[in-house]
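Think of it as A, B, C, D, E and F in the order they're written, each chain with its own count starting at 1.
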Amino acid sequence: MTVISILGFILIIIGLWGMLTQKNIIKMIIGFSIIDTGLHLVIVSIGFIKGRTAPIISKAVEGLDTGKNFIDPVPSALVLTAIVIGLAITALMLVYAVKLFRFKRSLQIEDFEELKW
Amino acid sequence: MDSSAIAKVIYDISALMAVSGIVLSFIRLIKGPTIADRAVSLDVMTIIAISIIVYIAAITGRIIYLDVALVYGLISFLGVVAIARYLERGF
Amino acid sequence: MSLIIIIFLGIIMIAAAVLALYLKNLVAAIISAGVISLLASVLYLFLAAPDVAMTEAAIGSGLTTIVFLLAFNKIRSDRED
Amino acid sequence: MAKRFITLLLIALLAYMFLPFIVEVDETSQLNRVAEKYVTAGPLELGAANLVTAVIVTYRGLDTLGEIVVLFIAAVGIGFLLRKPSKKKIAAPKRSSSEILRTGSDFLIPLLILFGVYIFTHGHLTPGGGFQGGVVLTSAALLFMLSNTEARFNKQLTEVIESVSGIFYLIIGILGLILAGGFLDSRFLQLGEMGRLFSAGAIPIIYSIIGIKVGMELIGILEKLRKEEI
Amino acid sequence: MKYFKSWFLLSIFLFIFWLLLAGTDLQELIVGIAVSILISSILVKNISVFDDIKISLKAFICTIVYICIFMVELIKSNFDVAFRVLHPKLPINPGIVKVRTELKSKLGRIILANSITLTPGTLTVEIQEDYYYIHWIDVTAEDIDRSTELIVKKFEKYLEVIFG
Amino acid sequence: MMLAGALITFLGAAFLLLGSIGLLRMPDVYNRMQAGTKTSTLGSILFLIGIAVGFGFKVFIAKILILILFILITNPISSHTLARAAHFFGIELTESTVRDNLKEDEEGDR
């Protein structure tokens, strides 16, 4: 569905904008998770084919030709694992943010100037 | 027009009404002066979203989609409780 | 019919994304970010991917919010002493 | 202000570059060759009703193994970052949860655990699976954490269960290598009748192990994030 | 032996839940019995909710009557909310009042609290021992006895029979 | 049969919509919670039952029963927890509030 892939693209753009312009570290992480969601929407919508159904054989689709009635299962599988990894990465980033807060007592990105050039 | 076609139209209208319910609660999420208001609006939105998931399962004829609604209801309950416990410093 | 629902939900998702970036209160921003995942998992059902919808509902809207709140709790208790 | 303008320009450029890929995704009416093979041969070869599960567990089993390793590394990294205690000694007193929440969680926790088990044992029949089931198990533990402020999880126990299930995962993979076609091939057990619980070879077993492992790992992450005296 | 009743009821409860989830195929039944017995054996020492259930004919009849009353109250409460929301002047007169309950069992208390939350114009805010603090959208009573009479009594007499 | 189900679903959707309107119109968080909880509980139950009636009672009813059970248990608990947290957090009641026994009692303790 083109609508959903455009929606995912807009979400990616908004998340990127947020990551680049926000000064608060937590807001940057939120921007990252928005990018994540948008990217997953785009990938799954590429696998969709109009008029077809989910690749699960049950009573509702019994006897139909699987090759002609199912969508592509590979993007679903990829995204499924990507979501779990996204959670782990978010948790790791948040722990870094907590550590940075302990170090400088601040979450604003301007206060971290050791590596500035 | 036979009765099942009319019924389909009524189901569609009901789904649209549910979606507009989500929109209205989202307005409360935008306005909500406190965090508790926003959490209430999140709660209502998830319940309406469960109804919409069941509607999708019905019109596409795939009963297995109902499992998604179950997980959804459960986890959203946890989210609201977590926000409440964060507010009252219970972690 | 499903197109109308998708457009409505999409508009809410975009508004929630902007809101999540520009709300001052961080917890409110997290709730708003949770709404994005929440509605995304409804959209996955329209894309015929119930597995992804289930994972997104469980992880994206539930656990991510809770992990954020746990981190905030740490920051809050650090800030107070 | 100039900075903001440059960012806007950059993002606009990016959007201009990538928009054609998104909009002009040709709305195919055909599956590509790999997907076609998975979709048509999957039910016959593996006996799994849910083809996404077939792709995750068997056809792309190595990817899943890598993903579990990434999850493990993230958990280890979190533990490593949070190992040093801060100077603070006494945590502020916490407000205990209300009686309703405590009784309600007593009632809901068995249901949640059962539901998690249902989801990861039926991964080959319904849109569930190990990752979702693991998350539901985690949510049962989380409800316990939220309703009892001073409750602690036995750290050794979760770690032992996690490592044992990891070892079992590898053993089953090697069994597939010896008895069937390749690493993590699930066909060394009977395929059974499609649509029933004991079918699809070893897929339910592998997915149950993944579910337990993911659940324990996520519980470990949450527990590390929750401890107040670190 | 102390935990037997609780263990048994929990297993039956979990097994019914499994049946509703998975259906009645023979293989599902086997796995369902195994899983529900395993879970209830692990958790039985930590869960005390199921001790309070009384099994008798009178309790059963009271349960059915209670469910009917609860459904009627739920529907009434929805029309109440609809009336208040659609009324142009928004007729509310809210306040937090204190009521007393005589129930002792945990399960009875939570069911009472949930019923109060779902019935017309009331919302449980806090429980402290025998006192419930209730947000009431239209405060009509002055003292604690009168509000107890109005809010709690209609459920309490049945719950007392069911849970003691 | 399908028409009856559709009408039940319509009633449920109407309640859901009313609840959202109540969420917008009510003056403070406790009143909003009242409007939201009650209508979303009954509204979603009616919505689900209507779908089960209209699209084949036998296939849908088992999972829908579980969903209804979940909603009936979890919805009041979550709104109670939220109300308690809001009161502890110090969110004010609206101006037309008659009295607040809980606050009086808490201040009496101190």
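We adopt the following convention: contacts are C-beta pairs under 8 Å (C-beta built on N, C-alpha and C of every residue); 3 or more make two chains touch, one makes a residue touch a chain.
Note that the structure is a prediction, hence the values are computed from the model and not measured.
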Problem set entry | subunit B omitted: connectivity of the other chains | one piece
Problem set entry | Joint neighbours of subunit F and subunit B, given as chain labels | D
For this session: State the chain with the largest centre-to-centre distance from subunit C, centres being mean CA positions.
Result: E
Exercise. For this structure, which two chains have more C-beta pairs in contact than any other pair?
Worked result: B-F
Exercise. Where the CA atoms of subunit D average out and where those of subunit E average out, how many Å apart are those spots?
Worked result: 34
Exercise. What whole-number Å value describes the gap between the mean CA coordinates of subunit C and subunit D?
Worked result: 19
Problem set entry | Distance between chain centroids, defined by C-alpha means - subunit D, subunit F (Å) | 32
Problem set entry | Centroid spacing, where centroids are CA-atom means, of subunit B and subunit E in whole angstrom | 23
For this session: At least two other chains touched by the same residue of subunit D: list those residues.
Result: 50, 52, 86, 92, 95, 97-98, 100-101, 104, 107, 115, 126-129, 131-132, 135-136, 139, 142, 218, 221, 225-226
For this session: Could you list the positions in subunit C whose residues touch two or more of the other chains?
Result: 46, 49-51, 53-55, 58-59, 62-63, 66-67, 70-74, 78
For this session: Give the residues of subunit F that touch two or more other chains, as numbers and ranges in rising order.
Result: 19, 21, 33, 37, 41, 43, 63, 66, 73-74, 77, 79-81, 84, 88
Seminar exercise, completed: The chain pairs that touch are A-B, A-C, A-D, B-C, B-D, B-F, C-D, D-E, D-F, E-F
Seminar exercise, completed: In their shared complex, subunit F is touched by residues of subunit D numbered 95, 97-98, 100-101, 104, 107-108
For this session: Within their complex, state which residues of subunit E touch subunit D.
Result: 10, 13-14, 17-18, 21-22, 25, 27-28, 31, 35-36, 39-40, 43, 46-49, 106-107, 109-110, 113-114, 124, 126-127
Seminar exercise, completed: Interface with subunit E, subunit D side, in the complex: residues 98-100, 103-104, 106-107, 109-111, 113-115, 117-118, 121-122, 196-198
For this session: Flag every residue of subunit F that touches subunit B in the complex, lowest number first.
Result: 2-3, 5-7, 9-10, 12-14, 16-17, 19-21, 23-24, 29, 32-33, 36-37, 40-41, 43-44, 47-48, 50-51, 54-55, 59-60, 63-64, 66-67, 70-71, 74-75, 77-79, 81-82, 84-86, 88-89, 91
For this session: Spell out the residues on subunit F that touch subunit E in their complex, using ranges where they run on.
Result: 15, 18-19, 21-22, 25-28, 30-31, 33-35, 37-39, 41-43, 62-63, 65-66, 72-73, 76-77, 79-80, 83-84, 87, 93-94, 96-103, 105
